[in-house]
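Both of the next two complexes hold chain A, though its partner changes from chain B to chain C.
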Partner chain A sequence: MSEIALQATGSAAGYRRLLGILSLTLLVAFVLSLAIGYGPFDFGAALHSALSGKDDLGALVFIEIRLPRAILGLFVGFALGLAGAVMQAFLRNPLAEPGIIGISGAAAFGAVVIFYSGLAAVSSLLLPIGGIVAALAAGLLLFAVAGRNANTATLILAGIAVNSLAGALVSLVLNLSPNPFAATEIMFWLMGSFADRSLTHVAIALPPIVAGCIALFLTSRALDALALGEDTATSLGFDLRITRALLVGGVALAVGGAVAVSGTIGFVGLVVPHLLRPFVAYRPSLLLPASALGGAILTLSADIAVRLLPTQPELKLGVVTAVIGAPFLFSLVWRMRGDLR
Partner chain B sequence: MIISASGIGVKRGDATILQSVDFVARPGELVGLIGPNGAGKSTLLEVIAGLRKPELGEVFYDGKLASSVPRRSLARRLAYLKQDAAVDWPLSVEKVVALGRLPYSGLFAARDRRADDKAIRAAMETAGIAHFAERNVQTLSGGERARVLLARALAVEAETLLADEPVDALDPLHQLNVMELLRSTRDRGTGIVVVLHDLTLASRFCDRLVLLDRGRVAAEGAPEDVLTDEIIAQCYGVRALTGIHAGGRFIVPWQKASQQLHDLKTDRLVPPLVANGHGRIVPINAAQQRRTLDS
Partner chain C sequence: MPGRWLTYCLAALAVLAVADAPPAAARPQHIVSINLCADQLLMRLADPDQIASLSYFSRDASMSNLAEEASAFPRNRGLAEEVMRYKPDMVFAGRYTKRMTVDLLKRIGVDVVELDVPRSIPDVEAQIRRVGEALGQEARAEAMVREMEARLATEDVSASKRPSAIVYEPNGYTVGAGSIINVLISLAGLENLAAEKGLESYSRLPLEKLVALSPDVLVVGDYRDAPAVANEILHHPVLSRMPRPMEIVSVPQRLWMCGGPDIFKAVEVLRQAADKARARQ
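Showing the complex of A and B:
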C-alpha cells in the first residue's frame, strides 16, 4: 500500500521514505550476506572476535571470506544499478545497460587479457586497469558507431557489435589458452561470482568503483534536462560533452572495476532501474540513488540465494542474474516492439 | 537582452543552409521568423540560441561574443522551445514545467524553492495547463503537450524566448491562445523570436517579420511591408487572398503563383478582398478600400 502511495505522489517526503526503505533493506541484506554461508558459523562470536582483534577461526572466516564477499556484493551491485540508471537516462532508452551493450563484456575481455598474459601476477592492480581500459574503449566505440542521436535500434545494433567483438576476443584468448585448466578457470571466472574473493580484491575494486559512481552521480541534473532532448538540455545550461565524458568515464571506472574482480554479472542495471522508476515518478535524477541501492540489494540477495540453493557446485551469481534477467529483457522487448524504429 | 547575429553562414555537408544572415532581436519585441520549408528558420533559431556554431559569422548577446558567455548564465536569460519536442519519460506535467527551473539550481547551489514554485505556477496558469498539472505528459494530446512545453520555456523567466513553431500542432483556438500568450509575454518586456508558418498569425501578432528564403533574408520589416503579394509569390510560390479585418491583415494562401487568381465559377480574375465587417469577405473596390482603411 505504501508503495502505491509513493507512486502516486512522487513527493519529497515519499522519496525520502523510499530511500529509507531501500537503505534499511540493504543493511539487512548486507548482514544476512555476512551471516549466511557454508558450514557452522557463529556470526555473533565471529563478529566479536574480529572486532576485538582475535585471531581465531571465526574471525578468520569472517574477515577473509564473508566480509569481502558481502562488501563486493554491495559495491558491485551499487555500481551496476547506478550505471544502468544513468545509461538509460542519458540514452533515453530503457534497454541501455552495461551488459547488453557490451561494456561489461569488454571489461571482462580486458581482465581476461591481464589474467592470461600473466600480468595479474605482476601486480593485481593491473586487473581493474585492464577492465577499465577495455570498458572505456567499448564506451567510446559505442558512441562512435551509434552516433549522438542514436535511436533504440541503432544503439542496440551498435551494442551487439561491441558485445560480439568482446565475445570474439575472449574466445580468441580461450582458444589460445595453453592448457584446458586455464581455459576452464577463465570460463568460470567469466560467469561472475563473489565466491573466494579476498580483501585484496576489495582493495583493488573499490577505488575505481567509488570514483566511477561519483562521476555518474554528477550527471544527475543533466539527465533530468535530457528528458526534453539534447538541444533543450543544452539550452538549460548543460554542456553535454561534459555529461557524456562523465558517463563514459564513470561507467568504465565503475563497471570495469566491478567486472575485474567479480566477472560479468549481467541484467542488474537493466532490471533494477526499470522496477524502481515508477516509485520516483520517472524522474531520472531521483532514480540514480534509488537504483544504486536497489542494485546492491538485488546483487546481495542473489548472492545469498546461490549460497542457500542446494546445488553442487555453487551456482555462479552471473548465471543466476542472467537466468532471471534474460526473460525480463524479453518482456521489455515485447512491450517496446511497437516503438522500435 | 539584445541578440544580434551578423554574417551567419551554416553548411550541412555540401548544402548551404544559411548565407550571410544578419539578425537582431530586442527586448519587448515579437519577431516572426518566416519562410518556406528548408529556408533555414530552425537553423537560424538554433544559431542565435547558441546551440549550433555557425561556420561563418558571430552571435552577440548584449554586445558580448556568444562564445564568451558561459552556457549556465545564458540559460537563465534565454529560453529555447524546440519544434515538436518529445518528453522521453512519463513525467507529470508539473515536473516537466519544473525542468525550466534547472538553470537556477546547481550541484552546490541551494535553490530558491519559493521562487521556483512561483515561476512554475505562473507559467502553468499562463499556459492554461494548471488544471492538469498532475497528468502524465505522454498521455496528453498534441495541443496540450505543446502548451506544457511552452510553459516549461516560460518557467525559465528568461529575458528572451526563442520558440520554434509553437503553434504547429495546434487547432485554431489554441493557435490564437498561444499567439496571445506570446504577445502578453512580449508586453511584459520579454523579447520573443517565433518561427511561424501561418502568414495571418505572423502578420497579426508580430511586430516585425524576417522572411528567410533559401538561406538568405529575403525581406525584413513591418508585416505589411514583408508580406506583399509579390514577395509571397516570389518566396512561397503561392498567390494569397489578402484583406483586412478589424485592423488586422489576413493572408490566405490560395493557389500556386504560376496561376492567376481566378474566380472558379466565372473564371474571371479576382480583385483583392476585404472583410466587410460582418465576417464576410467581398471584393475590394477603390471606394471601399478607402473607407475601410480610414475607419
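Showing the complex of A and C:
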C-alpha cells in the first residue's frame, strides 16, 4: 500500500532523499553533541584514545560524560518526535502530543515518586517502571475521558487537568522530601535536562524507549488506513482496538522511559510532525520515520544550544524547546481558531 | 494587716533588686533563635533557662551538631507570630535569611541579633565573642575561642607537599576563594585548585572540568541520605574511574556550613585525607 501511495505522490525518490537528509543532519548533530562540552579536550585525540581502549582523561570524559548525553538526546528526541506523529494521526488532532495532553507530566510524577522515596536506590530499574506505569495510567484515563473521536477542545482540556494534577503532585513529593535540594528540582522534572547523566541512565532508559518505538512503528499501516476514515480502516481489516493498545502502550514505554532519566521535554512531539508533514504528502506511515529523525535532531540541537549559551547554571532543555515550540503552538491555534469554536 | 503587706512589698523589691544586679540583669532571659547556626552557639554559650525556643532544623542530626541537646527546647519555624508567642527579649537570626520575619520583628521593637557569614578565622572568633557579649556570657565565649584556636593550630606544611583538592557539592558546585571553606582547606594542608583557577566562591564546575583538573583529593559535600537529583553528580561513575585514583573524602555539611565552633572537626577530617593523599604519592 505504501508503494501505491508513493507512486501517487510521485516522489518515492523524494522521500528517500528526505530521510537521507534527515539522517545526515542527525549524524552531524550527534557528532557535534560529542564534540561540544565544557572540558578543554581535543575531540580527535579523545576519540582516538577511546577507540584504541586507552584510559586517559580525554577518553574518560568522552565515554562516561559526553556519550551518554548524546545517546540520550538522540533516543529521547527520536521517541518524542515519533510519539507526536503517531498521536496526531491516530487522534486526528493537530495538538496531540505527549507533553500537551499530560502523559509526560504523569510520567514525571511516576518517576519522582520512585526516585525521592528511595526506591530508585534499591534498583535503578524501578525508575523507568515508575514513569511507564504513570504514563500508562494517564493514557488510559485520557482515552476514557476524551475518547478517540473527541474534539480538540475536549482532549486539550483533559490534558490540562492531567498536567495540572501531575505538576502539583510532583511539587508535593519534592516538598515532602527531607533533602533541601529536592524542592528546587522541580525545574529538572518539568523542564528536562541531559546534563551529567551517565551510562547507567542510558542503560535503564534505552530498553523501554526502543520497545515503545517498535510498538509505535507497528501502528503505521493502520494509521494510513485510518486517514481514509474509520469505516474504511475497519473494512480493510484493521482492528482499531489493537492499534489503540499499541499506541497507548508504546507511548507509555517510550515517554515513560525517557522522562524518568531526563525530565519532561515539551513541544518536540508537537513541532516536528507539523514541520515535516508537507514533505511526506501528509501520509502518516511516511511521517513516522521522518518525524522520529526530526525529533532527535531538534532535541540534540537544543542540547547543544544549552551548552553554548553562557548561562550559569546551564539552561534546562525544556526552556529552549518551549521558546521554539510555544510560538509554534500559538500559530497553530491561530490557524485553527475557526474550528475550535 | 498592713504590716504583712509591707513585708510582701519589701520581699518583692528584694527579688527585683537581686534580678537587677549585674551581670544577670543584662542577660536576656527569653531568647528565640530562628537560625540553625545561632541555635548551636546558643546551646553552648547560654544557660539553658535563657533559651525559649530554637529553630526548626535544630533537631535535624544531618544539619545540627547538637541535635540531641536541641530536643530539650521547643522549636519554631521562624514565623514572626510564632516567635512573638514566646515574648522574646532577644531574637537570633541570620544576616541573609528570613528577612521578612526579621524586618517585622524589628518594626515592633524586638532586639534582633543578626549573625554574619564568616569568611575567615578572625570572623568566626569575632562572631563567637559578639554572641557571648549579647548573652552576657563573655567568659564562655572566650573559652570557646581559645579551644578552637588550640585545635586549629598546625605545623606549617610546605607548599610542595600540599596535595591538590577540589570541593564538590550537590549540583556540581565548588568552593573557590573568599569562603571559610577555602580557609579550612588551606589549614588542613591542601591546595584548593578552584581558588587557584580563580573560581569564585560557589560557582558551578562542570563534571568535565573536574575530570580535567584531576585533583589528588576530592572533598565531597555530603548532604544527607535522602535522594535528590542534585546528589547524583557526586556518585557519577566517572569519579571512580579516574586514571589516577583520587582520595575521595566526605565532609558532613553540618561541620562547616555555619562557620562556627565545629570547623576544627572539618579540618581534622581534611587533614586525614591530606595524609592519605601524601602517602599515595
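FYI, the second predicted complex is superposed on the first by the 322 of 341 C-alpha atoms of A that agree within 3 Å, B and C clash if a C-alpha of one lies under 4 Å from a C-alpha of the other, contacts with A are read in each partner's own complex, and residues count from 1 in each chain.
Here is the rule we go by: a residue touches a chain if its C-beta (ideal position, glycine included) is under 8 Å from a C-beta of that chain, and two chains touch if they have at least 3 such contacts.
Just so it is clear, the structure is predicted and the values come from calculations on it, not from any experiment.
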(request) Label the relationship between chain B and chain C on chain A in the superposed model as either fit or clash. (result) fit
(request) Name the contact category of A:Ile160: first (chain B only), second (chain C only), both, or neither. (result) neither
(request) Kindly classify A:Arg92 by the partners it touches after superposition: chain B alone (first), chain C alone (second), both, or neither? (result) first
(request) Taking the C-alpha centre of chain A as the vertex, compute the angle to the C-alpha centres of chain B and chain C, in steps of 10 degrees. (result) 150
(request) Using the touch definition from the top, say if A:Leu51 reaches chain B (first), chain C (second), both or neither. (result) neither
(message) Let me test your reading of the model: by the given contact rule, A:Ala203 touches which partner, first (chain B), second (chain C), both or neither?
(response) neither
(request) On the superposed three-chain arrangement, identify whether chain B or chain C touches more chain A residues. (result) C
(message) I'd like to know which partner A:Gly229 touches here: chain B for first, chain C for second, both or neither.
(response) first
(request) Considering only the touch criterion stated at the top, classify A:Gln312 as touching first (chain B), second (chain C), both, or neither. (result) second
(message) Quick one: is A:Ala120 in contact with chain B, with chain C, with both, or with neither? Answer first, second, both or neither.
(response) second
(message) In the superposition on the shared chain, how near does any CA atom of chain B get to one of chain C? Answer in angstrom.
(response) 42
(message) Residues of chain A that sit at the chain B interface in one complex and at the chain C interface in the other, please.
(response) none
(request) Under the touch definition given earlier, write down the residues of chain A that touch chain C in their complex. (result) 37-41, 55-57, 60-61, 64-66, 115-116, 118, 120-121, 177-182, 184-185, 188, 196, 198-200, 312-314
(request) Flag every residue of chain B that touches chain A in the complex, lowest number first. (result) 46, 49-51, 71-76, 78-80, 82, 85-92, 95-96, 99-100, 102-103, 105-107, 149, 152, 156
(message) Under the stated contact criterion, what part of chain A meets chain B in this complex?
(response) 10, 92, 218, 221, 224-229, 231-232, 234-239, 277, 281-284
(request) Spell out the part of chain C that touches chain A in their complex, as residue ranges. (result) 170-172, 203-204, 206-209, 211-212, 214, 223-224, 226-233, 236-238, 241-243
